[in-house]
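So that you can tell them apart, the chains are marked A, B, C, D and E in the order they are listed, and the count of residues begins at 1 in each.
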Amino acid sequence: MPQTTTQEPLIALNGVGKWYGAYHALKNVNMTVRKGEKIVLCGPSGSGKSTLIRCINHLEEIQEGKITVEGTTLTDSARAIDAVRREVGMVFQSFNLFPHKTIMENCTLAPMRVKGLTKAEAETIARKYLERVRIVDQADKYPAQLSGGQQQRAAIARALCMEPKAMLFDEPTSALDPEMVKEVLDTMIGLARDGMTMICVTHEMGFARQVADRVVFMASGEIIEEGPPETFFRNPQHERTRTFLGEILAHH
Amino acid sequence: MASIGFNELFFLAQGLKWTLALTLIGFVGGGIFGLLVALARTAEMAWLRRVTAGYIAIFQGTPLLMQLFVVYYGVALVGLNIDAWLAVAIAFTLHASAYLGEIWRGGIQAVPKGQTEAAKALGLHYASTIKDVILPQAFKISLPATIGFLVQLIKGTSLAAIVGFVELSRAGQIVSNQTFRPLTVFALVGLAYFLICWPLSLWGARTERRLQTAAR
Amino acid sequence: MSYTLDFSAVIERLPELLLASLATIGLALAGMSLATVIGVLGVIARRSRFKLLRGLVIGFVEAIRNTPFLVQIFFIFFALPQIGVRLNPTVTAIIALALNGGAYAIEIIRGGVDAIPKGQVEAGLALGLHRGQIFRHIILKPALRTVYPSLTSQFVMLTLTTSVCTSIAAYELTSVAQKIEADTFRSFEVYFTITLIYLVISSLMMGVFGLISRISFSYPVK
Amino acid sequence: ASVADAKAKGKVVIGIQGDNAPWGFVNSSGVQDGLDADIGKAFADYLGVKPEFVPLAVANRIPALMTGKVDVLFATMGMTAERAKTIQYSKPYAGNVLSVYGPKDKKIAGYDDLTGMSVGVPKSSAMDTAITAGAGSKANILRFDDDAANIQALLSGQVEAVGGNQFYGDRLNAAAPDKYTSKFDLTILYNGAGTRPGEKDWNETVNAFIDKIKADGELAKIYAKWMKREVPKFPEELPNIPFTVK
Amino acid sequence: MPQTTTQEPLIALNGVGKWYGAYHALKNVNMTVRKGEKIVLCGPSGSGKSTLIRCINHLEEIQEGKITVEGTTLTDSARAIDAVRREVGMVFQSFNLFPHKTIMENCTLAPMRVKGLTKAEAETIARKYLERVRIVDQADKYPAQLSGGQQQRAAIARALCMEPKAMLFDEPTSALDPEMVKEVLDTMIGLARDGMTMICVTHEMGFARQVADRVVFMASGEIIEEGPPETFFRNPQHERTRTFLGEILAHH
């Protein structure tokens, strides 16, 4: 059920190249994400999916090409990096909640320190997004006291509290027990419905079918093919995509 | 008033020899008994763990100087006249085994529980589990801390002066009292300690780095 | 041997010993607090962009860790006056303890900082926090919690090390004990007594450390 | 071990200080030397046995005696009534002229002038005992581990005066010519040999030996060699310090 | 494709009760496994699946009931425990290979120490089973040098080297990347075909369909229902089973 999307490009990658030492991790990657668009990124392990989205908010530096987020070109300058990080939120596979802070404190830290909000303002916002992911009753607990699914939803809320224009997800459900996957996916589906721009690395093909505007398939650091989910799943163009989909869907 | 000449340096070197000998005693005695302490501290029997915890608390909670004193003179009070060598061997062993035992306990407990379970599931017995599976990994984990303690132990051997050993520090004190140049003498003594300890520290740091990269 | 222990002389002077114990505890507490500060600042300096600063910290740590405390305290007390810095024994003792403990604290805390999962830093970065903010709000507390046991046992060692301060005539437990020993020649009684006092002091410290840990680091972990 | 045991074994074990020149010390060749060492040798000769020296520190000389690790102490032990409650002193065999040393230009004429000053002494020494008794409540007394540290403290300005023995003058002069001088003398403190309380045989033997070397001029010879002065006149008795086992 | 199985019971649990302190983790569990039978154990997180199979080789003690393996009743006596552990091999979710030993050494350690084989004998056996799981060419590497799938196969080989009568698997594929799951499942299917008795905790329903003689469903420490896979999946009897299957199969 793809959403209608506006035409302005929010995130644009042009000829992006990335090396880890001598290892060529991203090869001439081009990609445009418009406001409200939902992209699912998939591909075999080591294909560069994480690297790609980590480059978008400069957790990794790129050596070639250009990344632009909302008109800001991501250079090494601290200002550009700050501007971009304020616009994109990120959710990690392993949640990375701060263990020594309550869920509420996890959510208010960045708004207070980065945006300079008062504690009260930050908590109002936090409560709104914790409500949104339906764990507002857990606000005063510490991460370790929550189930995996609740932790991941808290991580999503934490990112949302910065009110970003886009969200990056890196395998947000793959560290979860099977039963908890659903609650996180539901949260993400809700976000998608609300029009959030999203790039999501995942192997949850059901999710891709349901919300993705485009599925992008990567292998060996390159984008091999992309397309709307129906075409992508029903009729993949490349041999590599076909074997991959075969393996992924085989044992389900 | 003498100046610091060849004789004095030679005298210091003699002291250094004792320092090294005492260090060796501490390492060997502490190593062997430290292992037992670590194993007792991680044993399944709760009483054994508690007794060892008390042992560690006592020897980590009192100055080494007093431990040496009590072992050498205190034991003689009750009629056991033991040799000075035996006394330092016992005192250093007690002292070092408490610290090393605690360090290695940490190492043993840092080995993931799954390792013990896998060994059990394969039917390995306690001795083999400890020797083949746990200790090699625990040793690796605690190597940096072990080396750190050994460096402290080298410096701690200076306290053996109380039972009559003229090791490096005491030799320095004696020379200083003859030459009345405590600053120069103690700078020399400090340098000597540094030259013994530093290579060990460097090696410890290097191993730590190597282990960290290997763990990634 | 027909020596009979006679504690009467020691008991008579117990008030002196107890007062000196307070001095020992005071030295230890001052040393530890400053050592912690040095430890944290040292770790920050070790992570700095400036190579010279990093080098200085490494040099400091190595010099302290590989030489005896006695040499360090002698140096501060007897050599610094030659460049015009004259510190009284108590101040000297506190500074020496702080530097010595600080060098160890730097190494220990650094270990804790290194053990913080990279993901924590990345999460901070992704939220737009700066390096300093990440260190202060995200890294420091969990790092201290991780190394708390090593840090506290180092501090117990520091407490026992205060006894060496007697060699620059600082007022503390061992020096008073030695004075009483010299006056009365009741060596065994004096040394047994202060061994016990040291044990009590270090046990008390461990107790307090445990309490602090329960108050400051009480967040649950899996 | 008794005197008879020592004679049977042909060896007497003597504790001296290891780092307190010129009384008892270990010289650069690692051999014990000094006044106490020479007296110890004479004592062994007197017994007709070989001496075995154990160099001790201030902190362990009493334990070494009490636990039988040495037979007798010639270890620069100033005789005080309080200490005499614990060990058995012999008759005195040496005397310390103890003085306060300080800068030439400073007026220090008696204990009262030490008021408010920091004064260094070697810990547990006779000077420590004397100055503590005389000015313990007025002066700030800093107790250092040994003479070397004590003198260094004066030289580096960490203390304004020190309590020292008759050799401090030379040492201070060598280190800082014409800067320091002896200010006033403290009481003379006598050194006696130490034996275990109640052991009559050792006490009597040591006293007999001391009487002998006092009489035959051997003490004077040793004294001249190390102390560079005449043997002082020894008192017949000291209050509350018995020289013999009762 | 269930195998024909003989009728002798290899593993029998009678009224097994297990407490962790005050927490009642297993409640009156009864189960019989015959020689050659393949059981798949499933159920929500925390339902006691791991606890159950860990009790079978006495990694956990039971407080109630009786466990019998090949006629040996599992008491606390060291002899009974040894006997049972020699008969059952176990494979863990996180492999638990010994990181300081090569794959070959991992495989030969127990046969040498427990069975007293010589090194040569142990290596012959090890080579046979490494061949069986198709990683004999990795024998001299250390675990960290292998991919997850290879590590898990090495762990299976290590257990097989003790030539056990039965194998216990605790979520052997859930720590693996999607693409590596298949190679481990294939290995397990091969084992099943060869007639190995197996109890396997897994959520790989494809695997369950393909090899299980019986699927056992647990919840809250109890066995709720069991049956051959077809009946179990097509027509679950209990409400709890139905919701569970719903969640598990929803997003695939």
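In the analysis below, contacts are C-beta pairs under 8 Å (C-beta built on N, C-alpha and C of every residue); 3 or more make two chains touch, one makes a residue touch a chain.
The UniProt protein names, listed by chain, are A, E = Glutamine ABC transporter ATP-binding protein; B = Amino acid ABC transporter permease; C = ABC transporter permease.
None of the values given here were measured: they were computed from a predicted structure.
A.B. asks: Give the fewest steps needed to get from chain D to chain E, where each step moves from one chain to a chain it touches.
C.D. replies: Minimum step count, chain D to chain E: 2.
A.B. asks: Return the chains common to the contact lists of chain B and chain D.
C.D. replies: C
A.B. asks: Name the chain pair with more contacting C-beta pairs, choosing from B-C and B-E.
C.D. replies: Higher contact count goes to B-C.
A.B. asks: On a CA-centroid basis, which chain has its centre farthest from chain B's?
C.D. replies: A
A.B. asks: With centres defined as the mean C-alpha position, give me the chain C-chain E separation in Å.
C.D. replies: Result: the chain centres lie 51 Å from each other.
A.B. asks: Taking the mean of the CA coordinates per chain, how far is chain B from chain E in Å?
C.D. replies: That pair's centroid distance is 45 Å.
A.B. asks: For chain C and chain D, let me know how many angstrom lie between their CA-based centres, rounded off.
C.D. replies: 37
A.B. asks: Between chain A and chain D, what's the gap in Å when you average each chain's C-alpha atoms?
C.D. replies: Spacing between the chain centres: roughly 82 Å.
A.B. asks: Going by the contact rule already set, what residues in chain D reach two or more other chains?
C.D. replies: In chain D, 59-60, 63, 66-68, 145, 149, 152 touch at least two other chains.
A.B. asks: Would you mind listing the residues of chain C that make contact with two or more other chains?
C.D. replies: Each of 1, 3, 74, 78, 187-188 in chain C touches at least two other chains.
A.B. asks: Got a list of which chains touch which?
C.D. replies: Applying the touch criterion to every chain pair yields A-C, A-E, B-C, B-D, B-E, C-D.
A.B. asks: In the complex of these two chains, what residues of chain E are touching chain A?
C.D. replies: Its residues touching chain A are 44-45, 177-182, 185, 203-207, 244, 247-248, 250-252.
A.B. asks: Quick check on the complex: what are the chain C residues that touch chain B?
C.D. replies: Interface residues on the chain C side: 1, 3, 5, 62-63, 65-72, 74-75, 78-79, 107, 114, 149-150, 153, 156-157, 160, 163, 174, 187-188, 191-192, 194-195, 198-199, 202-203, 206.
A.B. asks: Taking the complex as given, what residues does chain C use to touch chain A?
C.D. replies: 117, 119-120, 122-123, 125-129, 133, 137-138, 141-142, 145, 217, 219-222
A.B. asks: Applying the document's contact rule, which stretches of chain B touch chain E when the two form their complex?
C.D. replies: 112, 114-115, 117-118, 120-125, 128, 132-133, 136-137, 140, 214
A.B. asks: Could you please specify the touching residues of chain B with respect to chain D in the complex?
C.D. replies: Those residues of chain B that touch chain D are 1-2, 5, 7-8, 10-11, 14, 69, 72-73, 76-77, 81, 161-164, 166, 170, 173-178, 180-183.
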